[in-house]
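Read through the structures below before going on.
Two complexes are shown next, each including subunit A; its partner changes from subunit B in the first to subunit C in the second.
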Partner chain A sequence: MFIGTEKLTHTYMPGTPFATEALDEVSFSLKRGEFALIIGPSGSGKSTLVQHLNGLLRPTSGRVFFEGQEISSDKRGLLHLRRRIGLVFQMPEEQFFSESVYAEVAFAPHNLGLDESEIKNRVKDALGKVGLNAEQLQDRHPFQLSAGQKRLVAVAAVLSLNPEVLILDEPTAGLDPAGRRNLFDLLAMLNRDSGLTVIISTHHLDEVAALADRIIVLQHGRLVLEGVAKEILTRRQQLDDLGLALPAVTEILHGLAERGLPVRTDIFTLAGARAEINKLKGRREL
Partner chain B sequence: MFSRPEIIIEARDLAYTYYSGEDADSSPALSGINLAVYRGEYVALIGPNGSGKTTLLKLFNALLAPTDGEVRVEGISTVEEENIPRIRRTCGMIFQNPDNQLVATTVEEDIAFGLENLALPSAEIRQKVGDVARLLGLEDLLQQPPHLLSGGEKQRVAIAGVLAMQPGCILMDEPTSMLDPAGRRDVIDTVCELNRNRGIAVVHVTHFPEEAVFAGRVIVLNQGRLIRQGPPEEVLTDLSLLHDLGLQGPAAVELAALLREDGFSLQPQLLHRRELVNSLCSLERKS
Partner chain C sequence: MSSSITLGQYLPGTSPIHQLNPRLKIFTLFLMLVLLFSLKTFGGLIGLFFIAITLIASAKVPFRYFLRGLRPILYIFIFTLVIYLFFTKGGIVLLRIGFITVESEGVREGFFVIIRLITLVLFSLLVTLTTTPLSLTNAMGHFLKPLRYIGLPTEEVAMIMAIALRFIPTLMEESQRLMRAQVSRGADFESGSIFRKAKSLVPLIVPLFISAFRRADELALAMEARGYRIGAKRTRMYEDVIAPGDWVAIAFVLALLATVLAFSL
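Our next item is the complex of A and B:
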């Protein structure tokens, strides 16, 4: 097991009348280099789960593993862990506090106690990884950037730690289509080319379904489905009952299949749907 | 007899510039906007991030005052201080994140918040809150603390709070972007119902082309300018325009365009998934 949990339970405000069980005996595991989605309706425990994966929350019971070992709870251990497992929060740009893009991205490497020239390299590297031009942008105030650029700076601020796992909580909320595509292309590339393990919590499958190796589905804090992405995405009724939606092109293929046209429905991209519908041409003259 | 639809919000030569400290020559967030929203209309406002959509909504609701030009709501200017309470009653705002706009400890108190500020008698407040709660299916949740509701329910509570003020128009800034698909459907259905059956105008900022199809008119902003407007079947099927701006058409429109390139003769201007499915099935029958 590279990263995962065993019977992880989390109760907020335990022992008070407001106690709420956010996670209930959740167990799953991922391999190094996988691209995983954690999906589920609002309030299903996705954000709570990802915050456990880099030690921000402590389990009420159960365990969290990284590289086969239970993550330690002492301060040194956690610091070390958070260098290797980066977490990008929801709407991360709302937490920007620096006067320049450079300072924002340099914050974490600075805290590692690296020397200035190494910090400079890390910043340049991280901005380059997210496709931003360091020379052009690093002296700007973060608030002068577009929404898409701000989100990329927030990702760069985490990548500057050179993590082995990158976790993103609802990473595309509020981004326009170009910004969403850009971010997902970037994550797919980091995963493919640098072997970065990527974990995304989301409830929008539209653009990301085709990228995923594994999917973990939560409902009311329980793990209700887990497996290979392609297989999970065939459970249309079950996902629908959870208030989740398949990608729109997949729904169109289901619509055709229901009307008796012989099309596959395990296709999640526009290009894939196009090719599949084109196969109908050969069958009869369409 | 044909009567001209009445204007509820009007922008004339509207411009707005955010001044950020020493950066005095920053470019305008909006400029040269001439636009009327009619009573009972449903307008979708689309455009890339930073195109001025949110700024325009804030100008409509007097949260911002124009740098140039003017905004009139029911004929009164948003500039004069004494008009502002009336303007905000007429044009209620729903924000992106429901957690940022719920203020009270129970749903009932939250819906009543605006009414209490009007200093209405409590019996009247109670009745109005009961009415909107029934209308939006929130009766059973009135005693619940808002933070325990789902995202879709929270946005409906926010809409109820606006609705209790009997607005002529609801302004919505990406109201579904933090919601799951079920919550999105919930909010969109509610808003469509209020628009259709209660004649409330809606101005809906969205990044989801699939939501803009419900509007009567789609307006496209880019770099602070209004560059296109028209019915959804015209604007949302103009993929070269949308793609140039980094936007997308609805999935059915995108897929239909590719299939037309491949020689499928599909119904023009189709917008909905169902229309694409029907169009493909009828090709199959003809063959």
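Our next item is the complex of A and C:
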């Protein structure tokens, strides 16, 4: 087990009338280099779960593992852990506090206590990884950027830690379709090329389903489905019952198949669906 | 989790005490204070103390919340008791250490004052534990109304208090979220000298201010869009009517006051 949990339970405000159980005996595990999705409707415990993975929240009961070992609870251990497991929060651009993109991205390596030249390299590297031009952007004020660029800077601000695992909580909330696609392409590339383990929590599968190796489905704080992405994505009815829809393009193919047309329904990308439908029309691919 | 931070001490419930009109609760609390300080005999005080305990039991608020409320003022109790024990003279001498004496009158007076203080705190806690902060401020606003005649914008002051109260949990939640987010970026808010700690708060305070201003802006816009105007007459969704239960409560308190005064308890 590279990273995972065992019977992880978390209760907010235990012992008061306001106690709410956010997670109930959630167990899952991931291998190094996997691309995993944690999906579930809002309020299903996704954010609570990901905040356990880098030790921001402590389990009420159960355990969290990293590299086969239970994550330590002492301060030094946690500090070390958080450098190796990067977590990008929901709407991360709301955390910006610096007057330049450079300072924003440099915050994390600065906290690591690196020297200036190393910080400079890290910033350039991180901005490059998210496809931004460091020379062009680093002196701009973060608030002058577009929504999509801000989000990328926020991801770079965590990548500058050089983490081995990158966790993103609802990374596409508030982005337009182009911004979403751009971000997912980027994450897929980081996962494929640098072997970065990527964990994304989201409530809709559009655009991201095809990238996933594993899928974890939460509902009301319980783990309801877990497994290889390809297999989970065939359980259309079950997902539907949970209030989760397959990607829109896959739904279209299902619709066609239900009308008796010979199409495959295990396709989750726009390009794939287009090819399949064109095949149906007996045309060459456009 | 919106429920992870709660403001004040309010505990939701359905007891008759919870359902009393908040204005009446504040007014009754005031009467109780008058009552407490006009009591002269131990018997009367103990009687009122047990009335407080009975009301607490009927509100079905766990007693540990009251104990927790009493804890911060424990030192005041101890301090008061010590002062009375050593400095009030009269009656029989109970203890003599050199020239310091503890006399029976001091013990009597000391415990009288302490029980009075405890009862006072219990009654106040009973109000704050069973009333939402929002209805408390609304009720306060109501009592401030006469100040309008000397030119104070009381409705607006009440609105400011209500909004401030409403946003304290939101801002606390936000600061907690920001803190976790910056910790994920390697920030350390705990170690280092005071100077370092103060400096480490910048990544917290700047975004918090930005979002507070943004929220204020949005709220002002939303309020105006719904017709809020300074100085305009407001109507409420929940009119706080005086229900039959409230009359019973008021009759009870007045009867209590009359009894105490009539028999000079």
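The criterion applied here is as follows: the second predicted complex is superposed on the first by the 278 of 286 C-alpha atoms of A that agree within 3 Å, B and C clash if a C-alpha of one lies under 4 Å from a C-alpha of the other, contacts with A are read in each partner's own complex, and residues count from 1 in each chain.
Note that in this section a contact is a pair of C-beta atoms (placed from the backbone, for glycine too) under 8 Å apart; a residue touches a chain by one contact, two chains touch by 3 or more.
If you're wondering where the values come from, they're calculated on a predicted model, not measured in any experiment.
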Touched partner set for A:Val101, first subunit B, second subunit C, both or neither: neither
Partner chain in contact with A:Val123 - subunit B first, subunit C second, else both or neither: neither
A:Pro177 touches, of subunit B and subunit C: first, second, both or neither? first
Subunit B versus subunit C as contact partner of A:Arg259, first or second or both or neither: first
First, second, both or neither for A:Ala245, with subunit B first and subunit C second: first
Subunit B versus subunit C, judged by how many residues of subunit A each one touches: B
Contacts of A:Pro41 with subunit B and subunit C, given as first, second, both or neither: first
First (subunit B), second (subunit C), both or neither touched by A:Ala210: neither
Touched partner set for A:Leu137, first subunit B, second subunit C, both or neither: neither
First, second, both or neither for A:Leu270, with subunit B first and subunit C second: first
Residues of subunit A that lie at the interface with subunit B and also at the interface with subunit C: none
In the complex, subunit A residues that touch subunit B: 40-43, 91, 141, 143-144, 146-148, 170, 173-179, 203-204, 206, 243-245, 247-249, 251-252, 255-256, 259, 261, 270-271, 273-274, 277-278, 280-281, 284-286
Footprint of subunit A on subunit B - complex, ascending: 20, 23, 47-50, 96-97, 150-152, 174, 177-183, 207, 209-210, 245-248, 250-252, 254-255, 258-259, 262-264, 273-274, 276-277, 280-281, 283-284, 287
Of subunit A, residues touching subunit C in the complex: 12-13, 17-18, 20, 22, 48, 51, 54, 56, 75, 79, 82-83, 86-89, 92, 94-97, 107-112, 157-158, 161
Residue ranges of subunit C in contact with subunit A within the complex: 1, 3-4, 6, 11-12, 177-178, 180-188, 190, 202-207, 210-211
